[in-house]
Each structure stands twice: as structure tokens, then as C-alpha cells.
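Structure below; questions to follow.
For reference, chains read A, B, C, D and E in written order, and residue numbers begin at 1 within each chain.
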Amino acid sequence: MQLNDTNQAVPAESGAYKPLIVAFCCNWCSYAGADTAGSSRLSYPSNIKIIRVPCSCRVNPLFILRAFQRGADGVILCGCHPGDCHYTTGNYYARRRMTLLFSMLDYLGIERERTRVEWISAAEGAKFAATMNEFAETINRLGKNRKLRDLRCEI
Amino acid sequence: MQKIGVFVCWCGSNIAATVDVAAVAEALGKQPGVVYATDYQYMCSASGQNLIKDAIRDYGLTGVVICACSPRMHEATFRKTISSAGLNPYMLEIANIREQCSWIHKDREEATKKAITMGTAAIAKVQLNTPLTQMKSPVTKRALVIGGGIAGMQTALDIADAGFEVDIVEKKPTIGGKMAQLDKTFPTLDCSSCIVTPKMVDTAANEKITIFSYAEVENVTGFIGNFKATIKQKPRYVDAEKCTGCGLCTTKCPSKKSLNEFNMGLNTRTAIYIPFAQAVPLVATIDPDACIKLKTGKCGLCEKVCEAGAIDYAQKEELIEREYGAVVVATGYNQIKPVQYEEYLYNQSRDVVTSLEFERLMSASGPTAGHLQCPSTGKLPRHIVFIQCVGSRGTACREKPYCSKVCCMYTAKHAMLVKDHYPEVECTVFYIDVRTPGKNFDEFYRRAVEQYGVHYIKGMVGKVEQGDGCLKVQASDLLDNRQLHLEADMVVLAAAIEPDPSARKIGTMLTASMDTNDFFSEAHAKLRPVESPTAGVFLSGMCQGPKDIPETVSQASAAASKVIGVLSKDFLLSNPCIAHSDPTLCNGCSQCQNVCAYGAISYEDQMVVDKGVRETRRVAVVNEAICQGCGACTVTCPSGAMDLKGFASNQIMAEVDAICN
Amino acid sequence: MLKIALAGIDRLFAAIAASKKLYLPIENAGEVEFSEYSEGAKVRLDALQTVKSAKDAFFPFTENMMQFHTDGKNISVEAAKRVDEDFVVFGVRACDARSFSILDKVFLADPPDSFYAARRAHGIIVGLACHRPEETCFCTNFGIDPTKPETDVTAWIEDGVLYWEAQTEKGKALTEEISAFLEASDEKAVEEQRERTKKILERLPLANLDLSYFKTHPELEIFKRPEWKELSSHCLGCGTCTFVCPTCQCYDIRDYNTGHGIVRYRCWDSCMYSDFTLMAAVNSRKSQVERFRQRFMHKLVYNPINHEGEFGCVGCGRCLRKCPISMNIVKVAKTLGGEQA
Amino acid sequence: MAIDREMILQISGVNPKLCMKCGKCSGTCPAYDGMEYHPHQFVSMVENANLEPLLASESLYTCLSCMACIQRCPRQVEPAKLIEAVRLAVIRQQGCDHLLPDELPALLDPELPQQAIVTAFRKYKK
Amino acid sequence: MRDIREKLLKKIHELFDAGVVDRVVGWKAGEFCYDVTPALFNAGNIDEILYDAFCGPNQSKFLVKGAEGGEKKILALLKPCDTYSYNQLITEHRIDPEKIYALGIPCTGMVDINKIRALGISGILGIEEDGENLKIETLYGTESCKKADVLLERCLVCKGKNHVAGDELLIPDEEAPEVPKCAERMTEVEKLEAMSPEERFNWWRSQLSKCIRCNACRNACPACTCRTCVFDNPSSGVSAKVNTNDFEENMFHIIRAFHVAGRCTDCGECSRVCPQNIPLHLLNRKFIKDIDEFYGEYQAGAEPNVRGPLISYTEQDVEPSIVMTRG
């Protein structure tokens, strides 16, 4: 409501913007894949922060919106390759949910490159690092998420 | 609010070289709820662990955050540590500042900043942790083995050897399964009955093993450690206790036209029958579809001749309730009847047989007493054509998409045996690929070619036609690039193997998942190949996929060892990070039940007090012993009634908030 | 009486907006709401009603009350700024205008609500007379004259001309400021329009709503009427009636955690909601029939009892048009007070 | 319009990659002996884009289109469709044999009957 | 329509007389011709039941709570499209068909009063069907419009005259009148898809910024039957009474659409009841379109007790990256 804008300050843009990326990783494959990347000293940007979940199917669309609300500029969900889910079928459900969610975000005009799903196994440390680097590059290019952000969090 | 202690590990220089650990401890110490923060060289060392324990006692900590290596490395260690200091082991969160921070970043300031954020997220999460307790459930020390073939018997014997009771439920009148029907086994060519019948006898003699033959599992409820099964004992119309297996009744029975299942229908048996001489239990069974007495009320010859007085026409089906700690599925396989392959004349010529039928034709206990004869003429065939991959490896609707695995080897065996007994008989094998991975397998196949002169031709038979006193086989020889027109007296089809049709029903009652071919799925294709995804259900033999006897036996023993692992415990401790449903929020819509891969969710009517109103509602209940904690249900649940302990929605959102702050 | 040709009204708006915030009915995506004026905005003075009422300008849908900033374990508190500059709400209809006096009795009673009081003190209301009422209008039952809203300035639109008459000191001051855009006029056109409109008002289907039952019968008797159950049987428990109502005044105070502090704000609430007044423990009205009854008892019974016989309704008819199941205050009044008529 | 692998695949809708080289098509083919290239070779040659010999071969027209290979192929490769597609491709290619208009002036001769020119458009340049 | 009502009343009397039911969910006349109220009737006031072109509300959700507590069954009058919601509610165990006698009634298309008003017609006193047209009596004279132009959104893309659930039909579906299909279901969705992301964003912003979070869409939706909605539950972490900013406007509608994805029968109640006329059904239809394209045609509620697309999967499902690569 426009009447209320009087007490909502919009923060000024400051210098070089470093985007923030949240990565949800399933415990059994992708989180372990991140560990493998670490053990192999494969670097990716420090503005990517990982949240461990038991399975990709644990990730609720609410969590993804929450991240954007709080100022994330990109959200990536990583899980076991289809067929390799520790819980046999979890990532199949996650795949359908995320496909539909991403499509809906796109439909609402939100940059579709800000969300992504990748299947990364425990052995694929190199893939983990490469994926993160590539995703970070995409998000850097897109810049700050403005369309799905809660300005109150910036006050 | 928790009283949180933060412990930042240097991991020698692994972390400390890139992350300013002291700065991390200092920054995290300022976070709300943190009452103690420190850093130390090696948190996982004895002295590091003591540091944590002392701090828990000195500061009355209710939650602990450790910034160190991956939780996959030391989460269990630190849980024990805090538990020994009196804290619930699940009041711990680990910030992975080694693999996911110090090892991948070079810039010290950047890495330190990230480590602080990761620590903050862990603090935010631990704020919302609740003490969790592993659930203890008692274990019924008895196993159920469904199927009494070689897989079921081996599993049962191994479990019994470890001192646990086992019940075998076999739907046929005798145990022994397909292996009892085989003539010889590859690659050693020893006699199949000679090795399987002693197993059958051992199984029957083992006092820990109870055999329910001619019985079926009707229903299974419960969960690992606590299954309840209903077994349906079909009526034999013969008192198994009294029957001596003398077989006199079978000689007198006037109804002689039933197809003999043991001989693959190649000959007939009487209405009262003993499947074969070495059957276990050695008891007669009356086939109610063929018995004149049961159908018309007249006859009763068997009753008259039975000296033991074992015949009981009034016998009724019986339901037996038994409790088990674990269930092994060993439902085995069938060979498909290639009736859809009209090009191979299976339906039209008696001389076209499947390989399992051929086994019976070669077997000394078979319809021809082991003499090789063309079924139509009773004469020794001059030329036998073997066709591989009939119904396997195809994508058309009559085909199975998988390789049946054992055909290459048994066909080599058949050809070799034929050549061994009757060197004058020509054997031609049409193959697509000869697959012989296995110890001494390729040598075996080469022996058939090199030593016995079996013709192997790469190419498939296009059609078989009835010729004049022979079968005309038209095939391509891909290597010679010509079409062959051969005359043969017999054609043996290596028909595809499929799971026993009873498997589907058993899979459903056990909520054990199956693949599209109705083979049981394993919990993990590589690492948990003998377990079903449903806890407490194990897989033995062909029900999981085609395999030969040694593989079946090794899987059977592996399944047994898994069962022993379960039964040897007095209590099972379950992972407490599992789903739970808030009955006041649950809509009872059943969506969560649909996505649960483990069948852990059921519905019951409960009295619920919601917003001051008391009413009975249909609500979801998670079985804590079955739930594996994946969280699929939590996202399916629109009302948020379903949540996951240890990874609760508010915890994950708190982490998101902390990271994005 | 002054006047200005509608053709040049944008210049008037621009002039007002140059010194003050100006709110007026603006169309967005097909619907008209009071919104802040900006150049090029689609102003819809012809729209009889906005979806939400004009109370939004004084008691907004949501407003921040204070903020807590946290830095580690330290917390600092900062109160939100009250409105301290004059603003103009243009195009308020008579019904909405009356609603302010109902809201005043709640928000300005001791202790006054400082947010509301500041807005009331600084708000200048330009009323707009109705000349084409809808069948759902029934404001005349509450003694409202839609042909002459009781506002700081009253305006009429007739034949491409906006007529302007200041009614209060505030109104006169505003008129002073923009006098350059206005020219003098007689009252003929306005009087004619008012006469015409009054004739239409007499023909309105709800012109003669008999509400005497609610003032003549004991509160408890009305409360216990069995018809409440039937009336509420299909109530969805949504907040549509509440949120479009010019006189509904309930709000909730909530905290939003920004991650580095708390924003404490208030927002409209609805007594129709099952999660209304949860602050004590639970909603004391557990069933929808109780919640439904509460809302209409408030409008028709409690408000007259507490405020010198004034109903908590101004007859704007918004709820008649917007209720998803077409249940509304007129149906309630007729069902319960029917035998009186 | 040159005939290439993609074109054959497009016309036929066949995916030769499905073939597991069992040879049942050739085993089943009643016209096998009249063929220079046999059904399974057809599949293989198309897959390997070895089309020249196929296009030149009489084998194309030896196939009876009895569809036995389609019926019996365990992998649903449908060799007969592939053969049919090659035939179609050849027919379509005949369109390329026509003379192009800009090649014409050089060939023109005042004595040449109009009829011959039109015929040339249809036939020439094989 | 009048014949249908007479037939309907006769049938209701029969069912009461036969002791099958003891109450009925129907529609009651309002103050005006168009403001019909869904209501519960008993043996005493059956004849007050109305059935005309303004009986749009989908009553199946009422049965979630409304079917409780009677001695006999409750009679539900279901239009063809209502039966889809009815099936879906059975699938989700939200209604007990044992307690309900579902009578399928025919429908000739329901009128949206907002569309009449949007034509600029005001002061509406009476509306009469006059063949394909509506004759509208107003304070300001008589007006008319084509009925097809003012049908409810759901009727423009009518699912057909067949009932997919119910105990009995008032008249056989074959004999029932048909509502001519006036529009393609996905046309509007496709229009939006064809826009640039920036245009789409602005379009949705202008629509969703109107939202006053009255929850009418949610509370009317037959798929939103949660006993406590996440947005009302303070411990869910996302609860709010109003949208304090654009993020919350977006989130509420994205999550609501997601929660009903695969379960929404496209009955259009959300858009019908929205006081701001936000075309909320376009969110649901987008999910339906995606589901149809990605996982095969699926109509929620077409039959009871089937697994919806979000609680099933195939191993060959498309990857989420399809969103990035298409169009």
C-alpha cells in the first residue's frame, strides 16, 4: 500500500555488489560432493553458502522463496542423480516440484536463471565446484535480485 | 533461548591457515544466546573433547556449535562427546568450515567472514534444536523367509545356524524350488539334485526351521523387529503328520490326467501326488481340481488304501498368525512360456521346448528317465538348435528389456551334455552375444565349442517351420553374411526369466518397492544390494534380478547375515531425525502416505483438541521405526503438519535467515 | 461556490501534489483504489466507489509502529515517525466521509491513537457528491446525504465541470492555496444535480431499511436469535467484508524479524478470521457462527449502544457487492429485524 | 537435395541406434538370398551413413515389404521402414536431376525444338 | 432453467419423502436477482431453493464441514464442474461420500455479475434471460447484453455437461443442455508466456499489488481445505494477516498455487470471489498447463482415488532445466 511508504526506507546501492547464493545440498550425495570438492581443494566463490538437508525432497518451495526474501540472489538445489537417491525416490519428487516452481517463477517474470537444480554425486567434487563457479557467474551477471526481495530486511 | 557454546577448531593448520579462528570465536561469542566461545587446535582430540565437556558443565550449556570439519566426518564423535557430558546428543550443530571454507578459499579475510556466517547459521539452527531420543523397539527373534527354493533354504539355514528361529513359507507342496528341477549345474556339471536335496533335508531337519509348505503369506503388517504375518495353509486333504510318504495312494488314484508341474507339464500325474521322490516334506497332496472324490463325492480310493489313515477330505484352509523380526523375500522366478513367439512354433510343435523343459528331458528323474528323445517321435534327435535371448533384451511389448543372465551358460551346458552323451547329435546355438562373466564361465563356453564341437552362430533365428519329419530353421549368419536354412529335430528356446507372479502381491503387502519388471528394488544398487528400501525386509535370489546359483546362494547368505544383524539385537535404535505429524494441523488428506517410499505413514482416528474444539479426526501417524527421515512428506503436506525432527522447517529457515542476513 | 473545468483538472492535481501528498481514486489493473497521485496516473473520479474505502488514508492497511535494531546482543529501539505533513484525500464519497466520524469515536477516544490522530490532523478531505447511485447503496438510512458529503471541501461533478465548496477551515485553507485554478460559479448546476439525485435515491431498492429492531430490543435477545446459525452456515470466514468496510477498525500488531532487528507493525485484522485475537491464547469465538454474529452485532447493536445510537454502518454497499457468498448486513438486518418492518 | 543419413531417419522415423545387431531381421527375411545388402546391413549402413552403395544397390527393390522384420525385431528398429525410406529418398532425389534454368542458355541451340528443352528439364543431368 | 428447477424441487421432495436425506445444500434468493446465497435447507423450506444463472458458487467444499452432524445423508446439488472438486475431496478424504447424497444437476452456464458491471451497466434491479441475451432492468433504464459475454470464467471453458461423480443425475447427461465452449482454456496463459519477462513481471505486479489478502480466494477454494493454513499458523514462520509488501503478495499467491498444484480442478472460484478481480486462476492454469506438458494430460478430480502429478513421478521426468531452455 503506497500510503505506508513513508516509513520504509530503500537502501542506497553501494559499490561493487557481491551476490549471495544459497545452495541446498542433500546429505548423501551433494553435501558429500561439496566435501569432495573441499578435499580436492577445488575452489568456488565464498558467497555461496551451503545448507545441509537430508534429501533434495526436503526442500520446500517456501525455503527458496525465504532465501530470496532475505536477500539471496540465487538459489541452487543439489541432490543425488535420479535413480541414486539414498531414499530411492526423494529426488524424483523434488524434480517435479522444482520444475513446476521454477516455471511459475519464470511465469511471474522473475529471472529464471536465479534458480537451478543440479544432480551431483559424492564423487563429483569437480562437478560441484564447476557447477558453483558457473552458477555464481550467472548470478553475477544478473546482479542483485530485486523482484523477489523483502525491503524490510535491508533496513 | 539456549545457552550455546561455540568451539572453533584449527584442525592444525588445515583451518587455521586460512581462517582466523580466534576472530571467528570472538565474533560468534557476540551472537545472542552464545555464552561461551573458544578455539582449539584439535577439537576431535581427547583434550579437545574434554574442553567441550568441561564447558558444558561449567557454563551449563544447552546447545553446542562446533566449527570444524564436515559433519560427515565427526558428527558422531561429537554427539558422543556432548552426550557423555550429560547433554542430549542432538543438541549439536556443526559448521563445516574446513571442506566448505578453509580448503577452498585462499583469501584469509574472505574465508574468515564466511566461517563466521556459517557459524552464525549453525547457532541459529541450534537455537531451535530439541532434544531427540533414539527410539527403542524390541525385536522378535524370528525370521520369515518367503519362498523355499535354494535362496530361501540357504537364507533359512544360515539364520538358523546363528541360533534364530526361521519360518519358511513355500506355496508349492515341496521346498526345493527350481533348482530341484535342474539336471546338472554349470560350470562344474555336478548333478543338481545331488546338491540340492541334501539342503532340503538339512532344512527340514533343522530344529530352528519351521517349513510351511503348500502355504502362502496372506498379509504382513508391522515394521522392522515387529512384523506380524498371516500365513494361509492351503488344505492338502492329507494329514501331513500321519502321511508316511509311501506313495501307495498315488499308484491307486484313478485320476491320472493332471499335468505334472515338476516335469514342466511334459507328462502327467495323479490327483493325489508327491511332486518327486525327494520332496520335502515327503507328503502326498490332493489336487482338488482333479480329485474325483472332492469334485463328485464318489471314489475315495486313496483313503481306502492309506494304511496311515492320513487322508482327510474335510481338511480346511487354515490361517496362522506369526510374529517376526525380519522378512526375507525369496520368491524366485519363472521362465516365460514363449507362446507369443509364433515364429518359433512353441505352441504348435512338441519338439520346440523351453530350456527348463529341456532340463527335465535330460534329467534322470524326468519323464524320459534321462534319455534324450524328441517329444513327438520318441527318437533321438539328430540335430538340436538352441535359440538364445527369446523374450529377453527386447523393447517390443512381448519382450523383457533385461538380459536373463543365465541362458548363455545353461545353453552351453545343455549342448555340452548332449554332445557328451550323444556325440553324434549336432548342436547349433544361435546367439546375439555370448555373455560369460563368471569364474570358469568363459572356459566352460569355450570347451563346448572347442572340445565338444558345438556350432555357435552369431545371428538370430527368424523362423522355425514344420518340415517333413523335421523342423526347418531359417536364420542369418551375420559373420558369414548368409541366410541359413537348417533342418533340426528339436529346438530349445532360452526363454526369458521373469519374477514369480506372486512377487507383486508380496511387494505390496511389505510396501517393498519393485521396479517396472516386478523385480524387487534394492535399498541401494551398489551399497545395499540385499536390502529392500523397507527396513527389515531383505532380498534373496532371483526375486531381485536374474542370477545363477552361486550368486543366489551368496545373496541368500548375505541376506541371512543382515537378518542375523537385526535379530541379534534385543532392541533396535532408530534414527530420531524423522518425520512427525502434528495432529492438530493434519488434514488427513493422505498425500504424505503416497510419497512415503517406506510405507511409514498410516492414518488413524484420533481425538484432537484444536483451537479449543475437541473432535475426532483422521490423522497421519508416522511409524518411528520405519521412517528414514527423507522429508518427502514434509513438502507434500500443504498445512505444514508434517515436519522433520533435526531438520525442521523453522530450523532450515533460521539457517537461511542467518546466511542471508 | 467555485468551479474548474474537468479538462484542466490534472493541473489542479499537479498543483496540490506539488506541496502535499495527494490521494485520489486511481485505477490499477481494472480496479480503483485511493492511491498517491503521480503524473499520468489513471484518475477515476467517475468511479462511484473504490474497492477499499477511504479509511485507508487514515487507518492504513498496514503501518510500521516501531523498529528494534539488534547488533550482537545489543538492542536499540526506534519509534516510527508519525505523519507530520498535510495531505489531501480527494474524491471521498459521503458514506466514506461519515465513516471517519465512526472511526474517530474509537481511535480518538482517550487514549487517542497517535498514528490515526496525526493523520486526521493533517488530512484534508475533499468530498465528492454522488449523482448516480447503485442499487446496493443504502446510506440514506443512516442520515447521510450523498449529494453533499460532510468533508473539508465538497465537490460536485456536473457536465464536465467540477464545482468546489470549502466547508471547514482546513478546506478554506486548501482552497486558498489553489485559488488560482478555480473560478467563481453559481450553485444552479449543483442544486439541479442534487434534486435529480434525490429522486433517484428515493427509488433505491434499499432506501427504506428498517433497523429499528436493533435499537428497540435487548442486546441479549438479538444475540440469542436462532437465525444466526442459518445466516452464517455458508460464511467462508474470509475477510472480504471487513477489508472493504469503511467502519471496521480491528487491527493486529505483529513483529517481523528482519534478521538484524524487528519491525513492529500493525495491520488490519478481521473478526471473521479464526486466528483473530490470538494474543491471549485462543480466539474466544471458536465457531464461524460466533464470529459472524460478532461482526454484525458490533455494527448493528454494540456500536449504537456505545456511541449514542450510531450504527457501525454507513450503507456504502461494498459488502453487498463483494461477499463471495452474497451474505451481508442487509440480509442480516432483514432476517432478524424483518418482523418489525 | 542430397540424400543423407538424417533424411533417411527423418522419413522413416527409425532410430538405428536401438539395434542390438542380433540379425533376426535377416534371419526372418524371405527375400534374403536376392539381396546384396541384407536387412541388418541396411540398418548398420544407414547408422554409419554408408549410403552410396545402398543407393546404387538393387537390394533396395528386392525387399518385399512383407514387414516380417518389423514384426519380429525385438528392439523395435523396424528395418523395412528404413528400406522404404531409402527408396523414397531415391525417388525424391530424382528431382535433383532436372536442369537448372541458369544452366540452360549455354546449351541452347536455335534448332532445338521447344519440346526437347522441356524434356531436358525433366530428364537431363543424371 | 425454470423447468430444471421444477424438476429439481420434485426430486428433492422425493428424496426427503423417501427418507434418504434430511437436509440439502442449495441456493437462496437474495436482495437482488443476482446475489444468490448458498444456504442449507430442511424439509420445511425446500421450495425456497433457487436454481438459476446466478447459482455459480461451487458448493462441494461446504460438504467438508457441512456434511457432519445430520441424522440422515445431506443432499448436495452438484453442477457438472462441481463434481470434479467433489471427487478430489473424496480422494483426499476430506469428505465422506457415505454421508452425502450427491445429485448431479445440469447447468446452462453461470453469469458473472462483475462482468455485467464491467460493461458499464449500473443500478441493476433485475435480470432476465431472453434467449441468448440478458435483459437488464436498471435504475437508469433497460439494458441488454449477450449471456455468452458475461459468463463466469469457468463457464467460458466449460468442462462439459458430464458429471464425473454423484449418486444420481437429475437428468441423464446425454439429455442435458451443453454450455458452448467460448474460449480456449490456455489462451490467457499463452499470452502471458509470450510476453517478455519484464512485461510479465509488471503485469503480475499490477495485478497482485491489488491483493488485500482477504483470503477469499483461499477460503472459497475447494482444494484449500487445510484445517489451519500455513499462512494462519504463527509457528509456520510465514504467517501474516496482510501483505506488508510486494514480496508477501507474491509469496502468498505462489505458495497457494503451489499447494493446490495437481489438485486444482480449475473451478475458478478463486477468481470469482476475488474482490479485486485478480485473475488468480491464471496461476493455477499455468501449473495445469505445465503438468499437462511435462507429465501428461491430467485433470484433477476426473476420477476419485488417483495419485496426483505431484505425488507421483516417472524416472524419465523432464529436468527442471527445461524451464531455462524452452521459449
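To be clear about the criterion, a contact is a pair of C-beta atoms (placed from the backbone, for glycine too) under 8 Å apart; a residue touches a chain by one contact, two chains touch by 3 or more.
Since we're looking at a predicted model, the values are computed, not measured.
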item	value
Far-end chain from chain E, centres as C-alpha averages	D
Remotest chain, chain B as reference, centres from CA atoms	C
B-D compared against A-B, more contacting pairs	A-B
Between chain E and chain C, distance of the C-alpha-averaged centres to the nearest whole Å	30
Rounded Å distance between chain C and chain D, as computed from the means of their C-alpha atoms	81
For chain D paired with chain E, centre-to-centre distance based on mean C-alpha positions, whole Å	57
Computed distance of Cα centres, chain C from chain A, in Å	44
Interface hub residues of chain B, defined as touching at least two other chains	595, 611, 636, 649, 653, 657, 660-661
Contacts with 2+ other chains: residues of chain C	61-62, 256, 259, 274
Residues within chain A bordering two or more other chains	8, 61-62, 66, 70, 83, 89, 93, 97, 152-153
Pairs of chains found to touch, sorted by chain label	A-B, A-C, A-E, B-C, B-D, B-E, C-E
Sites on chain E touched by chain B in the complex	91-94, 224-230, 233, 235-237, 259-260, 307-308, 310-312
Residue numbers on chain D that touch chain B, as the complex places them	18, 20-29, 32-33, 38, 40-41, 68, 72-76
Residues of chain B touching chain A in the complex	70-72, 96, 98-101, 103-107, 110-111, 113-114, 117-118, 121, 513, 521, 523-525, 533, 577, 595, 597, 628-632, 634-636, 644, 647, 649, 652-653, 655-657, 659-661
Chain C residues touching chain B - in the complex, by the definition given at the top	70, 72-73, 257, 259-260, 274, 282-283, 286-287
Complex contacts: residues of chain E adjacent to chain C	30-32, 35-40, 57, 62, 66, 118, 122-125, 138-140, 206-207, 209-210, 212-216, 218-220, 228, 232, 234, 239-244, 269, 272-273, 275-278
